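A, B, C and D are the chain letters, set down in written order, and residue numbers restart from 1 in every chain.
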Amino acid sequence: MDDVVKTSTEAQRQEFYGRLATQNLAPLWEVLRGLLPSEPRSKAVPHRWVYDDLRPLLLESGSLLTAQEAERRVLVLENPALKGMSRATATMYAGIQLIMPGETAPAHRHSPSALRFMLEGEGAITVVGGERTTMRRGDFVITPSWAWHDHGNEGTQPCAWLDGLDLPLVQFLEASFNEHYNDDRQSLTRPEGDSLARFGSGMLPLNTTSRYGLTTPIFNYPFARTRAALVAAAAGEALDPHEAVTLRYANPIDGGWTMPTIAAWMMFVPAGFETRPMRSTDGQVMALAEGALTAHVGDKRYDLAESDVAVAPGWTWRSYRAEKDSFLFCFSDRVAHEKLGLYREQRGA
Amino acid sequence: MDDVVKTSTEAQRQEFYGRLATQNLAPLWEVLRGLLPSEPRSKAVPHRWVYDDLRPLLLESGSLLTAQEAERRVLVLENPALKGMSRATATMYAGIQLIMPGETAPAHRHSPSALRFMLEGEGAITVVGGERTTMRRGDFVITPSWAWHDHGNEGTQPCAWLDGLDLPLVQFLEASFNEHYNDDRQSLTRPEGDSLARFGSGMLPLNTTSRYGLTTPIFNYPFARTRAALVAAAAGEALDPHEAVTLRYANPIDGGWTMPTIAAWMMFVPAGFETRPMRSTDGQVMALAEGALTAHVGDKRYDLAESDVAVAPGWTWRSYRAEKDSFLFCFSDRVAHEKLGLYREQRGA
Amino acid sequence: MDDVVKTSTEAQRQEFYGRLATQNLAPLWEVLRGLLPSEPRSKAVPHRWVYDDLRPLLLESGSLLTAQEAERRVLVLENPALKGMSRATATMYAGIQLIMPGETAPAHRHSPSALRFMLEGEGAITVVGGERTTMRRGDFVITPSWAWHDHGNEGTQPCAWLDGLDLPLVQFLEASFNEHYNDDRQSLTRPEGDSLARFGSGMLPLNTTSRYGLTTPIFNYPFARTRAALVAAAAGEALDPHEAVTLRYANPIDGGWTMPTIAAWMMFVPAGFETRPMRSTDGQVMALAEGALTAHVGDKRYDLAESDVAVAPGWTWRSYRAEKDSFLFCFSDRVAHEKLGLYREQRGA
Amino acid sequence: MDDVVKTSTEAQRQEFYGRLATQNLAPLWEVLRGLLPSEPRSKAVPHRWVYDDLRPLLLESGSLLTAQEAERRVLVLENPALKGMSRATATMYAGIQLIMPGETAPAHRHSPSALRFMLEGEGAITVVGGERTTMRRGDFVITPSWAWHDHGNEGTQPCAWLDGLDLPLVQFLEASFNEHYNDDRQSLTRPEGDSLARFGSGMLPLNTTSRYGLTTPIFNYPFARTRAALVAAAAGEALDPHEAVTLRYANPIDGGWTMPTIAAWMMFVPAGFETRPMRSTDGQVMALAEGALTAHVGDKRYDLAESDVAVAPGWTWRSYRAEKDSFLFCFSDRVAHEKLGLYREQRGA
């Protein structure tokens, strides 16, 4: 085909495309390749937040406005490649929440699910469905989709935790509902520890229905128990080359993940162990609960200290090496990938 | 608080936010309200494509390039509010595909799931996993996630169908994989009708595992059978005020939806019947298979003729009135909403 | 140990056992071996009933008493090793039911589940849950646990079918409830064919709950459709050496067996094909729907003609050779074995 | 009908029945009423074994033969109405097993499932799948279907526990397999506590598959934890009028019962509380772990002391009154009734 003809054809096509556009039609063949890449390329990039660097800013926000004013006083962890979008990964929101002694983060509920991973301070409490729980360092706390929840600080120190929410996913699905409670704090209708006793002791009520739809009825998985389980599990079997010892937080009612949209787990990497690289389609947020760990994510290397937070975007190679016995908390959209038939992983040599 | 102080505070905040930004941090309290609306407001708008209007453009595209050149010769149905994004609703892609006599749309596979709803012509075939099926008007055909598929036209007329894919959802989840087959057409390894016989006759193989992961092993649900079922069902029970008679395409292996990401169903509205308004969180694409039907979507009214396509965005009121006995094919992201615990519906008076 | 001591010990033991017995205690070690055999030995034996031999007796019963008098006019097929126990296998009841023109087998319901496999005559009907179905030769009809059901003969010939019930199993579990309807016949509340249309066309209602608990909502699986599926399936894949082509009747709501206690399936053995021996823990009842088939069961050989019935006890080798294209209907307690984690099978060379 | 005719008819029938019998046929109408009672009447009767009465006999058996000789040294608890059948209820076996210091009950495996509820002594151990567990009073220990298991006593006192097995059920289903290990004791391949840590801490391995088919991977549910859960649960909600506070032992992998054939749970009845009568189709065996409890079963009254065992046959009214805070361990065939669609319960006023 000579150049003149080509140009003419191209002009014809553009004219045709213009007529299509007036009818809200578009030519697939011009965009197909972009719509169907041979494999995923995440819009997010690897990143790490050093807790000691962000902590002064967090405390400064504490003097800037009250928790009440803010509704939630949180510094959003924004992925450098997704500025202004309130996203840590392509689908997940993360932030660091601060609550000062005596403050209350007022009660509300929303269809997005939220998790809290406790980083600092004594005396923080969360109330879910009329039951309060005291949040200790390393505890994994859930505020289920559409469950009333509020937070408080009954101690004498600032308290801070990592927030994880499925906000970008729920917004994308256009299914975000939100409601404010008629008071700052819920009244307590059950004693502290009721959920953990009733659902987290290897027993279940006779007629089991979850209090929170597809979400686990346990809303605080204490670090003390999780840590002990990981250490015991490490003694019982050889370490997995890619995952060292990983246990996922589980819903006792069906053995699935704890939330329908957010998967959460903890990895124990014993001092000196180094995992081989692997990658998976889910985008992960991780926080070091204890120890000292070097994470390789894509071509980045992060030496993580306790409470540091990092992001491994989807389909990006990651591996870990522990300097001390290390406990790494992680969450991602893996459960959504699995339920929708889209989860894949690849294990490197 | 007087104005000077306010200004000062505001200035302080902006200065603080600037420092936050350098650390890839952002103040949640400035965006929280936008992130948590009290109820969904879809980015998509209601729209309708008149088949008789787009058909000439479709045929024109047939002379512009071959199916082979295009890989898939499709006019994308773009939601007017989502120009350039290849989306009919917030999460779903829709298009009208044309295949001319003797043409082949070459074999490939991808992690996004696809459906075809046959609109026009005789002689179109689709091959999935080595089995071919002949597509007749009103048939609902599935090309499952990661299954090899190609299309052909063995007849003498142009053939056209509605394509539905979960492309925007899979892209958002960053889980899109794609692969080309080493030939234009798959070789056939099973006789036509095998899947329907083996899985669609009320029977199942002794050791049931789906050929296609979470997707139904049946890949053509013939209109003749669906239509007869709807007419019989209408005789057996009073019409539902909101859904007239609606049956969903089902996966015989677990009774669930046919695909893990796309829900599909057909509604039969007898002549003269009018449904009451309802809305749900999923965004819907509909095509009239047979009859004449007026659809009210939000504040729009669409008089649908056969093969017309319309969109009802999520959480938008919709109702229908049939001028003739009408069979309306619909698909949406409802299955994803359900699996992720996000589906809601509301039924009006 | 010399004989005197042995005797003395034996006497001591017997005296001890006597004292135990007064306390309703017994020594396990005396019976353990019998309680825990190394593999199952069925109490049932292989057997075959020749339809042409029992038919005259069946018709004779028709003149002896009415269906109304009998409630159900059935000749029970008693396993020769289980006389007087109304059992064909260790856990399953089977019988041949006769209903004469104009007769009614009055409405009742019971917790045991029942199946009917139509053998002879035109005009028999069964009513389940207010819907009637016409029973044709080879049709597989279900009267679910605790569903009202009655039978009639609206034709001009005697009609006969094979009954299969889980009676021995339900009696053993002491869970047998029974109730009589306040009239001979139920009133009809749904048109004939409603269940098959609504649940058996590849579609399902939007909000699926079975009408009958754990039992399929389809209550007639027509032979015409089953036969066609088997023939098509035989063309699509190589014959299985042990099972030729076997499809099981399935519950569309969950893809499981049709009843919670009775598994049912049909095997198609093409003329000339011979299966290799296999055995499984379930005890099977089989009836030849069409063809001519030689069954080897244990050390017995049965040349089955149409409507002949045979029994293969649990863990007994069985194999088949077809003289003509043969369709063999089977039912067993396999579903109970599977659900209780007890099913095993072994495939011979 | 006059008497002569009646006699004649009766004679005719008997003659006919005789001819039927030669063909292994029987008239259903003569036995139908017996086969289909209006509601269950258990063959078992209520009964109670006083632990202090059977204990001397148990210890006497300890001097009569070794655990090795006996394979399992157990006094079978025989229901008074089912003498010689090794059954406590219609479907369940129960016994009291004794193991003396230094003894071993040699390793074997069988398809029947077994539970152990620890009654007396320190130092008993059970090994399952290469992992040992120390059995303390009130612990609920499982030896899953087809898992290798052996028992030992490493302490200085006699140890005794309640055995519960599904033997009658598995025998009835003719699915009983048994195999001896090639040594008395299994070698240990995992540290003690591995299962409980890995599966019983609210966490699960990433890729969950049970080590034991349909049975829970946890094989010791410690009383300390169960008791604490019950006490906490009692504080959190009003007592149920019929069930006080009842928690069932659960399989963390699916939230179901711990075994596919035997349901087990513990009821906490606080001092002074009296439950209202209820009945259910399952036949129950109960043992008092702690406290003092009066059980009414049918028309019997049993004042239970610690370690006493009682039986409540299926569909028999039962109610409880606690003299002291009481913890009642129970097991039954409820899980089989539920899976087979046969479970029913009735709650009295």
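Everything that follows uses one rule, which is that a contact is a pair of C-beta atoms (placed from the backbone, for glycine too) under 8 Å apart; a residue touches a chain by one contact, two chains touch by 3 or more.
Because the structure is a prediction, the values reported are computed rather than measured.
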Checklist line | Greatest separation from chain A - chain, by CA centre | finding: C
Note to self: Distance between chain B and chain D based on Cα centroids, please, to the nearest Å.
What the structure shows: 52
Check: Between chain A and chain B, what is the gap in Å from one C-alpha centre to the other?
Finding: 29
Next item on the list: Starting from the mean Cα coordinates of chain A and chain D, work out the distance between those two points in Å.
Entry: 43
Note to self: Where in chain A do residues touch at least two different other chains?
What the structure shows: none
Notebook entry, point to check: Every pair of chains that touch: which are they?
Noted result: A-B, A-D, B-C, C-D
Notebook entry, point to check: Across the complex, what residues on chain A touch chain D?
Noted result: 190-191, 193-194, 197-198, 200-206, 208, 218, 221, 225-226, 228-230, 232-233, 235-237, 243, 246-255, 265-266
Item checked: Residues of chain D touching chain C in the complex -> 12-13, 16, 19-21, 23-29, 31-32, 35-43, 47, 49, 53-54, 57, 60-61, 64-65, 69-80, 83-84, 86, 90-91, 93, 95, 110-113, 145, 167, 169-179, 213-215, 260-261, 281, 283, 313-315, 333, 336-337, 339-344
